[in-house]
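What follows is a set of notes on a single structure, which appears directly below.
The letters A, B, C, D, E and F name the chains in turn, as written, and every chain counts its residues from 1.
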Amino acid sequence: MTTPAPLIRADGRKANELREVRITTGCNPYAEGSCLIQFGRTEVICTASIQTKVPQWLKGKGQGWLTAEYGMLPRATGERKDREATRGKQDGRTVEIQRLIGRSMRSICRLAEMDGLTVWLDCDVLIADGGTRTAAITGSYIATALALRECGAKKLLKGTVLREPVAAISCGLTEGGVILDMDYAEDSQTLADANFVMSSSGDWIEVQVSAEQRPVKNSEMDVMKDYAAHGIRQLIELQQQALSLTA
Amino acid sequence: MTTPAPLIRADGRKANELREVRITTGCNPYAEGSCLIQFGRTEVICTASIQTKVPQWLKGKGQGWLTAEYGMLPRATGERKDREATRGKQDGRTVEIQRLIGRSMRSICRLAEMDGLTVWLDCDVLIADGGTRTAAITGSYIATALALRECGAKKLLKGTVLREPVAAISCGLTEGGVILDMDYAEDSQTLADANFVMSSSGDWIEVQVSAEQRPVKNSEMDVMKDYAAHGIRQLIELQQQALSLTA
Amino acid sequence: MTTPAPLIRADGRKANELREVRITTGCNPYAEGSCLIQFGRTEVICTASIQTKVPQWLKGKGQGWLTAEYGMLPRATGERKDREATRGKQDGRTVEIQRLIGRSMRSICRLAEMDGLTVWLDCDVLIADGGTRTAAITGSYIATALALRECGAKKLLKGTVLREPVAAISCGLTEGGVILDMDYAEDSQTLADANFVMSSSGDWIEVQVSAEQRPVKNSEMDVMKDYAAHGIRQLIELQQQALSLTA
Amino acid sequence: MTTPAPLIRADGRKANELREVRITTGCNPYAEGSCLIQFGRTEVICTASIQTKVPQWLKGKGQGWLTAEYGMLPRATGERKDREATRGKQDGRTVEIQRLIGRSMRSICRLAEMDGLTVWLDCDVLIADGGTRTAAITGSYIATALALRECGAKKLLKGTVLREPVAAISCGLTEGGVILDMDYAEDSQTLADANFVMSSSGDWIEVQVSAEQRPVKNSEMDVMKDYAAHGIRQLIELQQQALSLTA
Amino acid sequence: MTTPAPLIRADGRKANELREVRITTGCNPYAEGSCLIQFGRTEVICTASIQTKVPQWLKGKGQGWLTAEYGMLPRATGERKDREATRGKQDGRTVEIQRLIGRSMRSICRLAEMDGLTVWLDCDVLIADGGTRTAAITGSYIATALALRECGAKKLLKGTVLREPVAAISCGLTEGGVILDMDYAEDSQTLADANFVMSSSGDWIEVQVSAEQRPVKNSEMDVMKDYAAHGIRQLIELQQQALSLTA
Amino acid sequence: MTTPAPLIRADGRKANELREVRITTGCNPYAEGSCLIQFGRTEVICTASIQTKVPQWLKGKGQGWLTAEYGMLPRATGERKDREATRGKQDGRTVEIQRLIGRSMRSICRLAEMDGLTVWLDCDVLIADGGTRTAAITGSYIATALALRECGAKKLLKGTVLREPVAAISCGLTEGGVILDMDYAEDSQTLADANFVMSSSGDWIEVQVSAEQRPVKNSEMDVMKDYAAHGIRQLIELQQQALSLTA
């Protein structure tokens, strides 16, 4: 293989560099836990709402539940998209993303320790400039942690629910090599892209690689995993800061 | 009639005093016009999106169109409400409000001057602490004005579309008399409430009075109209400031 | 202001004159209360059905409930409209009207006196020649009164449910001045229109004013209220006659 | 087989006797053809609306189309049924009936003679005391004939569309033998029931026999066919009278 | 009437001859009863699933329930049809057929003997070459019989549920006379068609005759009934063989 | 790490051994391409239907389209699941799987070479004993190849559409190590599972790893990839045999 053309990103970032990430906790005065999370221009509001009941099919099973919903404001994107509430159903992409968020968060929760409770995560995208699902997962961890902190203070938990922090980031394959955390313009041009969800242990919660223009080699996937692990470690650090700064 | 008990509002406002109103234009980088509007804790994002086509039934009629949609994030309220996109339909209140917004805005537009164009207004409530529909109308005027300004710059308009500014405010009837711009806690306790949409001419675009606990006397409705006119004049001034400060 | 052109109505009515109103009680042999109400050519069947249970969210709250649904036969109008049952949802206008009917009727009911009961109102328009929502409210009062009379006879009520009669009428603003109770042809040409719901006390249950072509002045709204009060007083008298003639 | 108990009907009718049938043409001032048809207490409004276009899939095929929809007002029955428009779909029985009406009517139409036109039949049941589908078919013929008469007067037809009259009636099998045109109380107790659609030729358009409590013998079906043919001949006579009396 | 042209069928069958019928029991390893049934090229999978509960409205009524659903794979037909799950609703034909299957099967069940149980029949068409509804009914009897045999072995029944076998077949009227069990090509050309459901008693469970091109004479209907009875007797024999060969 | 307990599979398979795979091409006489594919007890029918048009949004873009739908018969599973057509929508899992199938197949198609054509893939699961999505992808390749072969014979293609074969398999992580191609019982007990889609180049089209009970280490993911590559190479060989044996 010849040396790839030096990779140049429109905003001057290095290949494995995150966009500026900002986290504003408590953006919703009603929700038990909430944050506004921004990855560059992308903005997602994550709220965690506590219900003191569990779904019908879990009753008497000795465990709680966590579920997630995802939505985009109609003009979150460059062209306005029809409102899902008006069309009467969520589209396939929405369903896929909210299932990913739910699975990712449940995988780090000891549901038995929150018996009788349901955490409803709502991830609503105000601006979609790429990476909305990874921002949503990263923000959901914060909203959930804050909500559970409040539940703990109210003695609603049996023990420690969260096993460890979790965050997520995307990688893309370009002619010039792998890049981390694509914005929308970059995302539109990748040969393949991937989303990684990792816990602080450094092991993988979810990996989703998808060839857009061509299949991905093992060696390329290894670079993606390196970049993703690097990015997620930084995100987990930012999560910890945000949580420690919230009263 | 005996003198009413002196009316005391939890936040110390006078009976005919607005909550603090903040308007942040350009909160959405994609929309042709947008603002975040806050009435106290209530927060609504209004975006105006321009489509260069008109609905099927208007084709060849020599005029443009403006339509509005309204939504609330599931946790905009004290208790989480089911997401309309998940339930598969908008509820009655949502439909009623978005029809009100659309009618109000169309009533000040010369649609023939925007032939071939459709303005899509999206009013999405981040926090609902009372007055979301009046904030939505007041913000929609700004988003529309900004979007039309851009259309004008692109020579897409035949003439001046907007006849005059429009804004809206609520009034409620309490045991202690009429109050302006109720927050959620106040709204829950009114005997009757009303929403007023007025243009800068001082005439009425929409008036909706609804007895909750008891019918409303003519004299009470007159006070409501006075208060509303007073509040809307202030809102129109704030709209003008916001528009003049936006490049 | 110059003198308006003398107002001439196609059917020779005076500006503040109702169309001929006919009320036929007991048109449905199954319903606990029913009437066919006609405002000129407009025909609406109103039935009140009693259920001996309350909605889930009201259980144990010590009160009954009243709710209304509205529909139009597909060919109630000059051009056939798609059947809502086929399209799979009620349109926005339908939702708005049935919410108005329900609110209006509940505002004159002491729901605590009908604890354990639900009144289902169904207002179905056979012919729509303007004023269907006001005919529906006026007829709903009769159907409800008859149904509650039957409930009273069966000892299902704790006390007197109905506070006072209620009826409704529309007004429109034309170049020649305000007119009362428009038919469809008149309604299509008004500058603004309004619907008024008033109880026999002479106070307002609901007022909905909507500028179609231009905003409405306070002085114009005052004329509308005068006309409406005048018309509604006549409708309440007709309701009383119809009720007193029904065994 | 022993002699059956002499069959006694609550309203004193003979086994093969129709209920009183009343037909009121022109009950809808907008529809091109309409009638109110009553079989005893059962009341159905049938309207035929003409559209000067055909469905997409028929374009350029040189023929017109006829289609039917059926609905019941929520309180047409002894117990209120949920409104189909509110539930968001038509139930199976409704779909089955409206398909039957459409097929029956199309079978006597020369669709090529009404090229470019669609007849929309709406059959709406005000009171359902048994036999609504047969009343709907019988009334639909009248509404269609009137609508096509108007089309003919406007020179919209290529030739004679209607081949011959059509009407429909039900039969039921009871312990005491076959009965014609059951009301709701009778219908609830039949061992089997059947609906017959016949043209004036005396041949069968549709036959639908359904065993409720036990299978039907050939000899029983023969009696049913005799009774039905007898009843339908009377209905066709009433149709002709009603049509000849309509200007 | 002149002698009809001697009737020639593309596959050489006689007028009253069935296609080759094959029945494969136990095609589904999970279902309590199942078979694949083939009428010529037509293939339908019938499964009977036992639920140990009854619908809400039957609770405490001392009887079980049986219900049926019908579906076609999108490419069961010559041209692909939209998937009903994607369109969001079953079409009218599907609803009509599954109601017919359910009624037919319930008519031979003593539901009181299966108190507390529900049989869910699923009839899914893999290949639709005419006669899918009759194959579905014929196969449903087998699936139900096998499922009830298992219930009997588990002592879940109070007594014998099935009164007698039931099967179904179609007949069509052609220029050359009546034919039995049409394939799709034949079905497309019939003047009228009919579906017959008969029990082993030789009496009729359901008869549905539908004129497509012209009404059906009594004499023609008699031939149809003869042919159908002849065919159904053969089908019932095949059912018995299949059931006796299944362990 | 200590030596894992020797891994024992209920059916005696080695850790990296596929279940018996059977492919029956041409199972549908109408579809342009079809096969029944079985992975052990799992059975999926894959049909490829050719439409000579493209979706609206692709018109004039010089390329064809391929899309996939997935469904399960209600009793494909141990417990009956509600029919999606009856519930009125596809569930999230279904949507996720059909999107995966579509993306996987498009990634190996040169869509420009099939300009003007759409391939509709329908993957319908008769029996679901684990691995339905991987069987569906593996079978879809065969159905697509057969359908395109027919298109080629009819001169409907501009060039060679398929770049290379593609197939898919699942892997799971158990206490005893990684296993390939889990059946349902195994799948229910894995700590994590993964689905791999690989082309014959040995590179990855899609990788989806999901932690169920605990995160996955890089070393474990490497074993999964090895096993998957091994299994998929065998599947591609079976595909080639099936295709070469089909006329």
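By definition in this document, contacts are C-beta pairs under 8 Å (C-beta built on N, C-alpha and C of every residue); 3 or more make two chains touch, one makes a residue touch a chain.
The structure presented is a predicted model; accordingly, all values stated were derived computationally and were not measured.
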| item | value |
| --- | --- |
| Smallest count of steps, each to a touching chain, taking chain D to chain F | 2 |
| Intersection of contact partners for chain A and chain D | none |
| Chain A on chain E, rotation in degrees - Cα superposition, rounded to nearest 5 | 120 |
| Furthest chain, CA centroid comparison against chain D | A |
| Reference chain B; chain at largest CA-centroid distance | E |
| Chain pair among A-F, D-E or E-F whose interface repeats that of A-B, sharing over half of the contact pairs by residue number | E-F |
| Separation of chain C from chain E, taking each centre as the mean of its C-alpha atoms, in whole Å | 51 |
| Numbers and ranges of chain A residues touching at least 2 other chains | 88-89 |
| Chain C residues touching chain D - in the complex, by the definition given at the top | 28-31, 34, 41, 45, 47, 49, 51, 69, 71, 73-78, 80, 83-86, 88-90, 94, 120, 122, 124, 126-127 |
| Contact set on chain A toward chain F in their complex | 89, 92-93, 95-96, 98-99, 103, 107, 194, 198-199, 201, 203-212, 214-218, 221, 225 |
